[in-house]
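Two complexes, one shared chain (subunit A), two partners (subunit B, subunit C).
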Partner chain A sequence: MTEIIQKVKNLSIGFKSKKGEEILILRNISTNIKKGETVGIVGESGSGKSTLALAMMGYVKHGLYTIGGECEFNSSNLLKMKNRDLEKIRGRKIAMIPQNAGQALTPNLKIGYQIDEALQLHSDLKEEEREQKISELLNKVRLPSPETIALRYPHELSGGQQQRVAVAMALAGTPDLLLLDEPTTGLDVTTQAHVLELLNFIAKDTGTSMVYVSHDLGAIAQVSDRIIVMYSGEIVLEGPSRDILKKPIHPYTYGLLKSIPKLSLAGLPQSMPGSQPQPGKMHRGCSFFDRCDFSEEKCKNNSPQLEHLEELNTSVRCFNYKSLMNDSQVNQTVNKIKTSLHDKEILNLSKVSISYAKQKLLDQVLNRISDDNPTVKDININIKKGETIALVGESGSGKSTILKSIAGLLRTKGGIIKFDQNRNLSSDLKERDPNDLRIIQLIFQNPDESLNPNHTVEEIIAQPLKLYFGLKGEELKKNIIDLLQKVRLGEFYMSRYPRQLSGGEKQRVAVARAFAAKPDIILCDEVTSALDVSVQAAVLNLLQQLKEDFGTTYIFVSHDLAVVRAISDRVAVLYQGRLCEVGPSKDVYQFPSHPYTEVLLGAVLEPDPDIKPILVAEDIVEEKPPQKGCSFQGRCSRILGDICKSEVPPWQITNSGNSIRCHIPLKDLQKDQIN
Partner chain B sequence: MLFLIIKRILLGLITLFIVSLITFVGTEILPGDACTTYLERQAFGEQLEACYRRLGLNVPAYERYISWAVNAIQGDFGYSLSGEMPIKEVLGPRIKNSLVLASAAIFIGIPIALILGIVTALWRDKLPDVAISTVTIFAMTIPEFISATLLILIIAIWLEWLPGIVIVPTDVSFLELLPNIILPVIAIAMIMTAHMARMVRSSVIQVMASEYVQMAILKGVPYWKMVFKHVLPNALLPAINVVALTIAWLLGGVVVTEVVFNYPGLGRLVIESISNRDLPTVQALAIILASIYVSINLLADLMTLMLNPRLKTLQIRK
Partner chain C sequence: MKLDNIYQEEKKSNFAKVSDIIVTMASRPSGFIGLSILIFHVILAFISPYIAPYDFKAINPTLMLQAPSAEYWFGTDDLGRDVFTRTILGGRTALTITFFGSLIALLWGGLLGIFCGLVGGKTDDIVMRIVDAFLSIPWILAMLLIVSLLGTSTEVLIPALGFFYGKGIVRVARAATHDVIAKDFIVSARARGHSNFSIIWNEIIPNVRDAILVEGAMRWSWMLLGFSSLSFLGFGVSPPTPDWGLMISNARGLMSFAYWSVIAPIVGLSSLIIGINLTADAFAKALGIDRSTKAPV
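Moving on to the complex of A and B:
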């Protein structure tokens, strides 16, 4: 039996509501973290997973308090310890790697100082030794030229580099236990895969135990030995990682795994109905009852206990787990997307370029563009009526920039955006007439910010109806109800304010608002990335249904290649504002493909311990597109030589109609590709 | 960086030019002029003409503006109407007195404000916070003419510790002035300190709730080290601009307090010259107060730029 280093016993944490009721965030949690193991804690937002991780450091957020139970480390309860004693454990015995390193590094202190501070507190090294140690640590997390990085301020580093600094800082105290709170959320796919690989290496190298908290089963699958699934403040399933991912015996985990889109499977995953109950909502019976496909009468009034199954080394909180045990694997069924493609071209971008560079005064007077290396350049895309085209790429690839220009929010510097073959859309929002504005609608990433918090759902949806169609009174109301029903929200939502809705419901309202204008084209900017996985599938299914009903065209921007695979007919891959590859999704996801597409696909994390990401290129961040040649030359692992640096590669077209912009001949591209 | 400083200075100069233009046009539009004010009932016919010629008011407005502006740049604002003495000489001691008052208030008020703000933020919702916050809200809401009058009543009249109003001549020496400024300084500092303490409090609370402070705690940084290294530098940066505005306000705007205490500073001069219709002095004051605001804000912006590594690199990169 291996040594247990942290023991959580019957832990309950909560807060007092305004009415004085005790509301629980964590309910009676018990688990052990063993030496050298990596435990993944997975759950939706609001499941209490971060609160649990923080409690393992003896930290309870302002406003919350411990109701009962303990977190035992070295046979003392961290939650009852004095701050002075905790200071000796935090950073030295237990260290935290935060979710958002950009926010978690103090802005006015240099990187070197922040690591040095941890060394000063938790080691007896002298100054010169510490200096050397800082370099060593930065080297260990694979940051280039540690000496110069140490002298920089946090904001001078990229997101991936900041995250690595946070890892180095946590390692400074050589902790026995590392707590990671969503350490890769918010990073690009490629960066995420690199950081995870680094964490895996560190866990093996130092023998540190890790607790990895994430909502992303893909990331959890890559790092953890054991998984704890949390739902509504409780542990619902706990067991060896492989068993849980391959053969989940709790209905929630089962549904969760089914709702994640996979690279290998085109089509929309099945969604889980409903959403997690709000903390404090009194419920008798199982908290997952309303969303469960396997529920019975007894689940309604009796809450199941966490039951330990010796033979599987698994604990499960469900009356009905046996019926799931027989259902061998997660049989993912998908709804194939139907596209009634018209040959009619609805939107045409030709030679579009967009620059963020400020025009100099002289250029403004002469009305010319002096930026010869704009952020986005040479974009040619034809979009057919009724299709879903996805723009993919890392942050900084210009995908959102292109959307903004189509919407008229950002002026183009060159090229033409043409609607319906003959209508030129002005690049300036002010010069578009109301009809031009109506035909293109936008759905934003974050519904918290895109819905006016002071308007009711009714007012939000009424706005486009009044503006474009001049509807009033009964007719207006009828239309609003109609739209709400289309997005599967009932009439009673009309009087609610956005803050009274869940994330998924808010995004549905945003969808309804976009459809209210009866647009021909809807621009979707990362519409599901702020949502929980189970809700994401539902929103994707809804978008697909509405598209089939209305014949709308979608331009879909996402960094998640599996989501893109699920919903799109065609994919355009962008790097540094230049197109790399455009083609039907099934072909883009197969070989041959552009070296950059290969990098992106390799980095996708799947919730399957057997599929490991393939890291092809370094995750360097380039600040500006190169002046000459191929946009991807700086990171390409298959660079041919001078030709890539001097000439813009030609478009090559495969048999299936996939266009690839690369100097490497198609047959060589396919031959050497890593599978 | 240098380019930025030059740009800011140029912008400041343009602001001053516009201010001078507005005050000039303003005084021009108002009915009556220096001569009608000076001659009062005799302001007609030959006498008025003679006066116009003497003061140079018979030339077109733009010429007068140019000659006034050229002289003003050299520090010559012309003659005041009431005393018939150069405005420069009127202003000199007034500026000195206002500076004395302002710097005393600043040196006493700012440290107290910082300490109160930090203490209330760190002991948020605890006894020190509740006690201090109640007092600061009172100090903020009581208008200065009330608090000043009360101070005079209690300390000068009942206790007879200090003079109630300033009756020394305008150009008195610093040491003689000193006992006279204590009450005005208290009256001003009270309201200023309260405002700043509230600002510092909310700024510190905001930083205390940030993720990097939580990270510092989880790193095992001892409390006071965390406060001084991680919290205060970030929390006090935004305070610089507020301090600058306060200083500018102190130098030119404590009109009410100066009048209540009969203090011979710039603020009282503003009131006096307006009620005397001493337009040349009003013009000079407008320009001087505007320059004070512009230059202090410029200084504050530059200081923020120097102290905030974030802005510094951004500017250099551009």
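Moving on to the complex of A and C:
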């Protein structure tokens, strides 16, 4: 039996509400972390996973307190320890890697100095040895040329590099236990895959135990040996990672896995109804009762205990797990998307370019445009009525920029945006007439920010109705109720404020507001990325349903290729503000494809331990698009030579109507991609 | 839906919202003390003409500089007037003038700040530089100039004080607007094509109102001090109207042997200022603007 390094026993953490009630965030958690293993803690936002991870290093957030239980590390209870003693453990024995390394690093100190600081605190090395150790650490996290990196400031590094520095700092004290709180959530897909691969390597190389907290089952699947699934402050399922992902025996995990869109499967996944109960609003009985497909009468009033199944080495909190045990290979059924494609073109972008560069005074006076290398260049897309087109790319690829220009929020530098074949849309918002504004509506990424916190749902949805149709009184109210029903919200939501709604409900209100204008085109900017997985599927299904009912056209921006695969008819891949590939989504997801699409597809993380990401290109981040030639030349692993650097590649069209912009001939492109 | 009963908080009437805020304010000791002092002063300002034991301008040479006694609770001043009477009456003018002055300050400062924050660009640059220029002028000199040119009537004092104390509010309102302006709901309103006025009225004001109100309450207490300074210098209320600033100025030479005639107005003035400050603090905390007291989680 391997040594247990951290033992969590009956841990409960909570806070006192204004009324003096004790509200539990964590409820009676018990688990062990063994030496050298990687444990993934997964759960929706608010499930208590971060609180648990922090408790593992003896830290309880301000305002919360320990109600009962202990966290034992090396047979001493961290939660009862004095700060002075904790200082000796934190960093040396237990280290933490934060979610956003960019914010965790001090902006005005050099990387090398910051690692040196960690070494001074957490090791007994002498000055000369420390210098040696710094480059050793930076080497270990695979940062190129450690000597120069050490002399840089955090802002000079990319997000992925910053995260690597954070890993290096955590390793400075050679800890026994590494806590990672959503370490890859803010990163691009390709960078995320690289960082995960590095973490895997470090786990094997150093034998450190890791606790990996994430909402993303795809990331968890890649790193962990064992998975703990949390739901409203409780462990609902715990067991070996492969079993949990392949044969989940708890209805929540089962539903969760079903609601994640997969690359291999076109169409929308099934959604889970409802949302997680808020702390303090718990009912009697099983906390998952409301959303469970397998619930029975007894689940309503009795809460199930965590039951350990010896033969599977799994613990499960459910009365009905046996019915799942027999048939639990997750059979994902998807709702095929229907498209009523018209031949009519609704929006046409031709030669659109957008520049963020500020004009120099002289150029301003002469009315001359100086930037010959704009952020977004040469975008030609025809969008047909009723289709869903997705713009895909990493951060900085210009996808949101293009969306803003279509909405009129950002002036284009050149090119024409045409609506309905003959109407030119001005690039200046003030010059568009109200009808031009009405036909294009936006849905934003984060409903917390896109809904005014001081307006009720009624006031929010009333705004476009009043503005565009001048509705008043009873008629206005009738329309609002109508819209709410269309997004599956009841009439009583009218008097609620956004803070009283869950994330999914908020996004539904945002959808209702967009549809209130009766638009022809809806621009969706990462609409599901701020939502929990189980809610994401529901919102995607709703969007698809509304589209079928109203014949709306969607322009969908996302970095999540699986989501794009699920909802879109056509995909446009962007890199550095230039188009790489445009085609029907089933073809873009098949080979041959542009080398960049290949990189993106390879890096997608699926919640399946058997599907490993394929890392083709380096995760370098380029600041500016290259002056000449192909936009992807800097990272392309299949670069041909000078031609890629000097000439913009031609569009090549495959048999299925997929356009690829690459110098490599199509049959050669396919050759290496077939595997 | 099964989960509908989870979020049961319903829309409250405005009255219920205000009373909620007041209850929250009073639930903290400092808020309770501040509110009590403020309410005490406001009530006193209303009822003092009716409860004053003596005539505030009755000069009595035989009763000059009497020490506090059962008959004259706070003693008498150098002209034999009752200090208690003059003290309870002395806050009325100051309170009224500065209250309306603060309203004016709030109005112009708040609106200009929000407008600058929204439009940005050159307009914002120019307006803010002008505001900065005014901030660099010592207000008391400017006030003295205005008062000596236009007189010390209420119609001059209220707008003048309102103008000088509104400059700071411009900055606060502009900063608060900047916090809101980047949010997607403003972008969304812009993309829908709402006018600037509609964006200010519907989207921005509800979100910056609290911050501006708190700032306005702070300005009120400073304005009170400023107004009393004017009176002290002889540019505020004209004698024989009782006023704290004036009373302090008159009695300060006699401090060494008739301390009572100066202490009473000082206590009146400073307690009111402290009361307003504590109330403003509690107000900010009740609204959740002060981050240190936000609910956990």
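Rule of thumb we're sticking to: the second predicted complex is superposed on the first by the 672 of 675 C-alpha atoms of A that agree within 3 Å, B and C clash if a C-alpha of one lies under 4 Å from a C-alpha of the other, contacts with A are read in each partner's own complex, and residues count from 1 in each chain.
The criterion applied here is as follows: a residue touches a chain if its C-beta (ideal position, glycine included) is under 8 Å from a C-beta of that chain, and two chains touch if they have at least 3 such contacts.
Predicted, not measured: the structure shown is a model, and the values here were computed from it.
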Partner chain in contact with A:Leu451 - subunit B first, subunit C second, else both or neither: second
Partner chain in contact with A:His62 - subunit B first, subunit C second, else both or neither: both
Which of subunit B and subunit C A:Leu483 touches, first, second, both or neither: neither
Touched partner set for A:Ala150, first subunit B, second subunit C, both or neither: neither
Of subunit B and subunit C, the chain that contacts the larger number of subunit A residues: C
First, second, both or neither for A:Asn108, with subunit B first and subunit C second: first
First (subunit B), second (subunit C), both or neither touched by A:Val582: neither
First, second, both or neither for A:Ile346, with subunit B first and subunit C second: neither
Doubly contacted subunit A residues - partners subunit C and subunit B: 62
Contact footprint of subunit B on subunit A as seen in their complex: 54, 57, 59, 62, 83-84, 86-92, 95-96, 98, 100, 103-109, 117-118, 121-122, 153, 155-156, 166, 169, 173
Parts of subunit C lying in touch with subunit A, wherever the complex brings them together: 1-4, 6-7, 9-11, 183-185, 187-194, 202-203, 206-207, 295-297
Subunit B residues touching subunit A - in the complex, by the definition given at the top: 209-223, 229-230, 233-234, 237, 308-310, 313
Subunit C partner contacts - residues on subunit A that touch it in the complex: 15, 18, 25, 61-64, 273-275, 277-279, 281, 290, 407-409, 429, 432, 434, 437-438, 440-442, 444-446, 449-456, 463-464, 467-468, 490, 492, 495-497, 500-501, 513, 517
